[in-house]
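Next come two complexes built around subunit A: one with subunit B, the other with subunit C.
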Partner chain A sequence: MSFTRSHLFASTAALLLACSPVSAEDLVIGTKSEPSSLDPQFHVLSPNMQVSLAIFEPLVRQDAQGAIEPLLAESWELASPTEWDFHLREGVTFSDGTPLTAQDVVFSLDRVAKVPNSPTPFTLFTRQIAGVEALDDTTVRITTKQAYPNLTVDLVNLPIMSKAAASGDAPEGRTTTELNRGEGLIGTGPFTFVSWQKGADLILEANTSYWGEAPDWDRVIMRPMTNPATRSAALLAGDIDMMEDVPTGSVGQIEGDANAKIVSGPPARVIFIALDQERDDSPGISGTDGENPLKIKEVREALFRAIDREGIASRVMGGAAVPAGSLGTPNMFGTSADHEVPAPADPERAAQLLEEAGYGDGFSITLGSPSGRYVNDARVAQTVAAMWSRIGVKTAVDAAAAPVFFKNRDHRAYSAYLASWGNNTGEIGTTLGAQLATYDKDAGQGSANAGRYSNPELDALLSEASKTMDDDARAKLLEEADALAMSDFAILPIHFEVPSWGLRADLEYEARADQFTLPQNVTRSE
Partner chain B sequence: MSAFVINRLLQAFFVLLVMSVLVFVGIYLVGDPISMLVSPEATDLERDAVRESFGLDRPIFVQYITFLGSALQGDFGRSFLTGEPALQLILERMPATVELVGFAMFFSVVIGVPLGIIAGLRPEATFSKVIMTGSIFGFSLPTFWVGMVLIMLFAVQLGILPTSGRGETVQVGPIELSILTLDGLRHLILPALTLGLTKASLIIRVTRAATREIQAMDYIKFARAKGLSSSRILRVHLLKNVLIPIITVAGLEFGQALAFAVVTETVFSWPGMGKLLIDSILTLDRPVVVAYVLIMVLFLVLLNLVIDLLYMVIDPSSREKVRD
Partner chain C sequence: MTVQPTSADRPARTRADTPFRRIVRQFFENPLAVFGLIILVGLTVPSFLAPWVAPQNPYDIGTLDIFDSQLPPLSTSSSGDITYWLGTDGQARDVLSAILYGMRTSLIVAFSAVAGALFIGTAVGLIAAYFGGVVDAILMRTVDIQLSFPAILVALVLLSVLGQGIDKVIIALIVVQWAYFARTARSSAIVERNREYVLAARSLSLGSRRIIFRHMLPNTMPPLIVIATIDLAHAITAEATLSFLGIGVPVTEPSLGMLIANGFEFMMSGEYWISLFPGIALTLIVLGINLVGDHLRDILNPRNAQ
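Now for the complex of A and B:
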């Protein structure tokens, strides 16, 4: 049945394409969740960012691999180590016809801190910015608080709004509520806003006055479909043209269908196990006479070596993962070349290491894990527990729904927990700074370091790298820091999730490291 | 009569108060909204700033008293996640759910009552046994599974109905309805069928039981002895009395489905309130969860009131009870 129908579909589609190669076409995307707001400066959240990148554009953007490239700013140079001059592209207009000027940039960056009620303010990306001024109509000077090499990475997340359209009576100009209705939602991007029904379709249409290459689509419909099986069914039925996050169970079905296909990679989010290395009396550990064996490097190495990463990637993750030897993916800036590929599993060596550390009889530990937050998270934890138990570390898994898991983690109720980190900067320094730098609340260092790993040498390298402007020198420092942390088994990387998209067979999409679904990058194959 | 209504409303107020405390404390015990909402990249200081802006840094009872104060003035607070008023978020989603549940209930009554009466009148017939066995399947199959099977069959294999979403809608006053367009109706069929299947099964069984019970009543025997036609007995004497338990069950089921149509809504990506509730619980978006539960409690109390009032219309003997 489905075969004849797919045939019919294919020939009809071919006919349509042949008759009118430039016919108006809609692109319907089944997304895994909807944006919490259309205000591009309300909430730092992937679904919000990908929509705002269709309507708005930042000064610079990341390509699919995470490298920085010019967008609204054609070029930039440093006037001093803390002063960046950005030259705006000529001839760019907003979708309402007004030209882009330096004033719009100043307005947009200035608005960030004024948006109220935000669950995660975009000040995350302006915290290093001391001032923004328009030198002339097409030049913007951004002053940073100190030498800060990652400014362009932050700017990627700050789309430029139209000053004329987004000004208003409130301190922030147009309010979030107004922008949600599309009022003042004027950008320079390839699409413009049409309508948004919460929980249902968000409709965009092509910006006819777009300065860059026109997208292949007249209209884009982004439809939140939280249930992955529903997304797959809708793709197979031809109701949608593209879906985010193909569930492991549907891979075979979609690959076997003549009208659909899957694109995946590059590896992105890292899944790891963090270990409490601060407290002696760590919860969930027993059989150690009140000591915390995780403080001993040999024990950590044993736990690292006990994990069969290949096995987890192929069997538990169904191939949608790449074994990790570092917190940074191999193509990430600053990842140590020595740790791109993890050392193979070696349970015998692991048992021997335990013996050397004085834990030949093993001990008991509880491994905390979220359930349903990351792909197959609890199953990965169960598998690791089995592998640890095999070398004598009797491991029980405590898997909980995400809100409960995070509460426990923040209260430091786990001595070992499985978690994940998504790096948006394309540079390993931010990951190491959050996960492994010594916890310091006031300095904002080690903010995700619930294992409280602390190594002054690592802190010094990271701090040095964070103010080194020269890319080569910074890369070297970061590689050194990464190698230091990984040789110390400060944290145990397991794998990188490989994001995937399901597509109609005649469409192309370059999978992105930031996992965004950008409708302007979806093209029809020739 | 009016004393009865006032009494009911007072009870409702008390229930609302208790529910608000339970939900408030419940969410507080589950976890910290900040760890769900704030990007992991934020530093602890940035986290604290958000916590403060949401008032979550204050003791839980202070938060509750503040909430109660504004709730009494009709302000349930703003959603942590979207920054929009919680009540508005829920009311925006309500028409879609009411439409789905209404259609599903209509379907289940239209199918369930006749089948139930047939099964009740001829309990030994093969056809009746088929109906009863079918109804067991109807309420024991999980909704999630039924929904997926219907999608795979009608949307993926046969390609005659859409998989999900609400389709084309028509603006009627402030609300959007999909029931008025052909495309909207096509989108409505599968989710309504999924949701209605369990309800229909229940109604079949209730109707059958009521029919059998009433059939044995003296007034039916008397009507028969009087020589009334069996169709008249059915319409006037039997149906009217069978309706009493059906209204109770259908009413309760309607309320239940309205508040918790979440599985069907998730499977079919139906933009209703149920999905909003589950998403809000998962992100610990307390203002939305509290407002949702309170609205639903109020709604269920009112629904029961309406059911009781309907009894009085249908069943004269219950009028006497209220007067006492």
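Now for the complex of A and C:
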């Protein structure tokens, strides 16, 4: 008995030692999901990108607000409208000690198209690139297919790998499987890879030979905690130092705790309702004698005016949202100044508009919504349904798990659906092009336009803007396009989600528009 | 619940003098069973009268005001004409009204599903028992296969194929539950098949259908009724589980399970009432059914009766 007890005591002591608080230089982050791969060119997915950006670095990066700034490329200039010369920073080495050269850049950009089986390929960011060549050891020339002002925005997403470390027998060099094991995972970034257990901790270590300012942390542990309530509880208990995406229900609790705080960032992802404006016989609409009232501008305006965006932002989103009058945030390049703030809700005017359109008695509609994909998505949809019902448009909500919802949407099973778009270019042109340009699969236009809004005037403006290199002229074209679409009520913006992070009270993090959690940017307050 | 003793007395009528009176008397001798019955009546009656007794119609979403959401119990609505006795949820539904309406949905789903499963399962079980041989083998192996899958998994798969809706939940629950009834019906019918009255009916060369449904069925009913009662509780919890997972009833017409799920996210911020009260209602109704069902089983068990 005494043996057992002392044995138990010893093992308990050992266990306690093993779980003793991590040393002061460790940063533990509770993430909302883990990366699908460590291959920086396998899957365009936020959890992957933010890990890539800790180990690797692209030629240029975006600051917290989304503005482009130099990183591995110190400067660049246009040799011709389609030829960009990037000058690499001197004295940068990979974490294995080899110097960064133009050959590494050529290798990395060439590798993108060779990575097989990618769920969302990085070719999204190289489709405008016709060729990449090394002019000398520190100069890279990138040729685009046409004049393409957004090249630097694409390059932000393309981290540079080490040619020496990532070469291999496969066409793409080191395969995704090898990189997932950490083989060839050598970058110039502030951290190096230590270990990754799928479903559990991903551990990074400070890169001792980093060329830039050293991060505040010796070790970073990224721990996937999919349940937001679990993340909040872990932060409040001190098990983690930082958490992604504070659930609206926990905001008060974290703010009221002396050891924790919340930082929230610039409005980012837009939540909107798209409307079927193509088919006459649209699923989910009834009481209209087979007509599709969503084709009538007054009806769309009525639906827009019925939505109390302030109410949704404050009551449903707990303040973690900003009402949207356009698909682009107010500070986004190309957002029309007239639509930065949505027109206030006006149910009486909405009812009047329905009357004018010949639908004074209303009609019935089903609003599709994902459940659990965006912050409080199904609740937002229900609230919109309540507001529409009040003006006489009897609305049912069909909320489904994300995979089911997206399958239904792509099969166009909804006449109205709530969805979202995250803009990664900082320009409204990409959002409008994906959501409202006339659907054309081959040209890659209107790729997310399941409402099939089509307006030749808008298409012309967007196409013109995409070729305009002059920023002022492009901004003007985009603002015109935005104003055109919004005053036609082509789509109904609801709000912008405001990303938030929970932190230990003595830490600082600048909330980022791209919603990435970058451990190198987490600092201790003085 | 009162229909069960009446239907149960039919088979017993030939054996005892006043079986119905016996069952009623025995039932009311047990204070726990009476307690269960009181809970059940106390919950089901107001929920079926919900449109008349509930302060608000939570399914008429046009009347919900988002600024009344997440109010604590005993708050007054912004318009001042409703008192939210149990508070409001995240969609500004009065929790009391939502519970009454939600319970009605839960009960309708459970009753229909159990009735459907009872009907199909009993028919299959009787046919298997009466005909025996190949028919029996095929039917009972189907039951075995069905029972080898976890019930909730089958329901999940079915609902993801069929889509949302109260009718679909009912179908899914029938598919999940009929096999239990089939197995029980078969085993009690096999006993009956060799009884003298069935042999007598056969010797009169009565049709199979008449023998099965007029002669055997009444005598196989008691165990089935007991199972049906217990299964009712299962069906309610299964429906709550499915709705909790977000694939049952539509979000705008929440059942008890969905109400609990909706309130889940508010628990962390101390808004306990959104989940707690529907949770209590669910627990009470399942408890009530189980108490009544358990005692009914004791009474209807022939071994206890003698």
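What we mean here is this: the second predicted complex is superposed on the first by the 502 of 526 C-alpha atoms of A that agree within 3 Å, B and C clash if a C-alpha of one lies under 4 Å from a C-alpha of the other, contacts with A are read in each partner's own complex, and residues count from 1 in each chain.
By our rule, a contact is a pair of C-beta atoms (placed from the backbone, for glycine too) under 8 Å apart; a residue touches a chain by one contact, two chains touch by 3 or more.
Note that this is a predicted model, so its numbers are computed, not measured.
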Superposition on subunit A - do subunit B and subunit C clash or fit: fit
Partner chain in contact with A:315 - subunit B first, subunit C second, else both or neither: second
Which superposed partner A:229 touches (first subunit B, second subunit C, both, neither): both
Touched partner set for A:404, first subunit B, second subunit C, both or neither: both
Which of subunit B and subunit C A:42 touches, first, second, both or neither: first
Subunit B versus subunit C as contact partner of A:199, first or second or both or neither: first
Subunit B or subunit C, by number of subunit A residues touched: B
Partner chain(s) touched by A:442 [first = subunit B, second = subunit C, both, neither]: first
Minimum distance between Cα atoms of subunit B and subunit C in the superposition (Å): 6
On subunit A, positions contacted by subunit B and by subunit C: 229, 233, 401, 404
Residue numbers on subunit A that touch subunit C, as the complex places them: 229, 232-233, 247-253, 308, 311-312, 315-316, 371-372, 378-379, 381-383, 385-387, 389-390, 394-401, 404
Sites on subunit B touched by subunit A in the complex: 30-32, 35-47, 49-50, 53-54, 78, 80-84, 89, 92-93, 96, 148, 151-152, 155-159, 162-166, 169, 176, 266-269, 271-272, 275-276, 279, 282-284
For the subunit C and subunit A complex, residues of the former touching the latter: 60-64, 66-67, 69-70, 90-92, 160, 164, 246-247, 250-252, 265-271
Residues of subunit A that touch subunit B when the two form their complex: 1-2, 5, 30, 33, 36-37, 42-45, 116-121, 123-124, 176-177, 180, 197-201, 223-227, 229-230, 233-234, 236-239, 401-404, 406-407, 409-410, 421-422, 424, 430, 434, 441-442, 444, 447-448
